[in-house]
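Reviewing the structure listed below.
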């Protein structure tokens, strides 16, 4: 009994310590996000002096950021990041790629362990509270893939009797149709494999999902085509810098504008995304010059 | 006292408490050089505690213990020094399990007393021969019987060249057939004139080895007399009752 | 044409990369084990002999590592503590620090347990032979404790080696992460790659951990009767 009590008290003490620890941590976040971090990150001049810029990219999310079999970083984000380094520091080899995970992207910026995150980072209001996004270089919206034999070319076609639209449960596409087109019948599955199988054996007329997903799938499944490549709400993907690092953000925006003149993002798409998405969808996915057309 | 120069250990007015519970009360005891004192008494009478006090393993609350005329309770006592003069063997087989018999014996002489290895080893072998265990010197404790372990424990204490030995129920945990071999060793020591205080439940042994019997009960010394008188004609009622238990 | 998948192991420099990742795993695990053993030993001694308040603090320290997942420790130290202290450290460094702190707490507890499991009369016997506290620990208690601690230590070591797969969270690319990278780029070309890559990683872990558990077994048997 006495032992139990002492153990309990120790656990309590630990919990109290831990809570106070995390409380301090969150205090710092909410209280001094910009204040404490200003001056913490390197200025453009300092980056040039150091001759090194740290850019956080994915290591296992092809085709956006991955490591090839010779250990080299590759992908759409990486391709653009290299160009940033070249234009800022004069040499694309001066970029230091930091391999990040989806969950740690914000933390890397907040703790100043990278200068820029370019890891398929979708702009959201929630993230805007914690990091500063530059202008986007890519956009993602919904897309619809349907069989070539019975193509669905407009949303209205799906409202016809007996037509069912296939979606995966918990996706934004599901939410979108439930909210905006309640009259379209949805066929929902948990797994993507079930979703694709259902289209193949004709249980549904089409699949709606993120357009990148359906485009990539249609590319490797002959007989199916993305008939509506872009509709509904649009998410954008942009480089992010630490909150308050306006100088670097402005530099990126100017850079994107300059690159837009030579259609560099299209070039990046061609080099890295073509083999996955095919040529036809460049303009459904790419944002050139930092601004959507 | 007429042989005061012969007094090795003297206990005066010793009191010990565990919290508020008294365990030793008004203990006075004098041990002369070469004397064998056997302490008897029922379980829990305080006899083991008394022995442990003499070796500094227990603190005392009142009174004094002096060794060769030097107080051990007043001022700062370096018990590590005293313990090299007063050897002690316990009831449990307390050999160090990770060391061989020889290393068990030599650890104290070499590390505590920093004696010459050769001299200490020769001494150890001589003592081992005396208890008939020289052939077991490379064995590990787990390979020995209980009786052998206790004999080694005695040798280990003796190898420190103590002037006095304390035996705390050294045969109490032994199988009956092994008691004899251990008592014989102690008896041999008595014959050589080693000063000893022995706590035991072996009445026959107490009678033959002891120069004096100290009978304790409830923390007091009730009787202090010769073995002859104690076993034939005890004066206190408690001692009579105690002896009755052993008389079948 | 779908391939077997086994060839991804030897494609490009994949094989060397996996071994390099294993090197990172081993570096983190073994440096941490060495640091934990040293500091954990001292901690174990303190937990059996230091004043009550220090013992309590060390106990709280241990419970903090038991209650809070290592993942959280890595995160907090790497993204919270070191930036707050304005020191720039690598993910490997943070990993070794966190793993060493964790290991020290666990080794300390093992040592404490071993010392406390030693029979009390070993101490008394030592005292009765005139040993000082230092000598008591050095010649009697620690040698016996080491024998009792060893199986637990080796168990802890294998646990630490396996837990290194968490360090990817703070950007350290060790063997499992490299495996995932290889699997992801081959996912269309060689869907079975994951089987081979994980199979290979399994063998690598086995090669490190198996000798350790054999060693533990051996000493357990040898010292069983002590």
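Here the chain labels run A, B and C in written order, and each chain numbers its own residues starting at 1.
Everything below uses one rule, namely that a residue touches a chain if its C-beta (ideal position, glycine included) is under 8 Å from a C-beta of that chain, and two chains touch if they have at least 3 such contacts.
The shown structure was predicted, so the numbers you read here are calculated from the model rather than taken from an experiment.
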Farthest chain relative to subunit A (centres taken as mean CA coordinates): B
Most contacted chain pair (by C-beta pair count): A-C
Chain nearest the global centroid, as defined over all protein CA atoms shown: C
Rounded Å distance between subunit A and subunit C, as computed from the means of their C-alpha atoms: 35
Separation of subunit A from subunit B, taking each centre as the mean of its C-alpha atoms, in whole Å: 82
Distance from the mean Cα position of subunit C to that of subunit B, given in whole angstrom: 48
Subunit C residues counted as touching two or more neighbouring chains: none
Where subunit B touches two or more other chains, by residue: none
Touch list for subunit C against partner subunit A, complex: 8, 11-14, 17, 56, 59-60, 63-64, 67-68, 75-76, 78-80, 82-84, 88, 168-171, 173, 177-178, 180-185, 187-188
Footprint of subunit C on subunit B - complex, ascending: 55-57, 79-81, 83-84, 87-88, 90, 92, 94, 96-98, 107-108, 111-113, 142, 153, 156-157, 160
Residues of subunit A touching subunit C in the complex: 10-11, 13-15, 17-18, 21, 25, 28, 40, 59-62, 66-71, 98-101, 103-104, 107-108, 110-113, 220
In the complex, subunit C residues that touch subunit B: 119, 121-122, 124-125, 127-132, 135, 139-140, 143-144, 147, 225-226
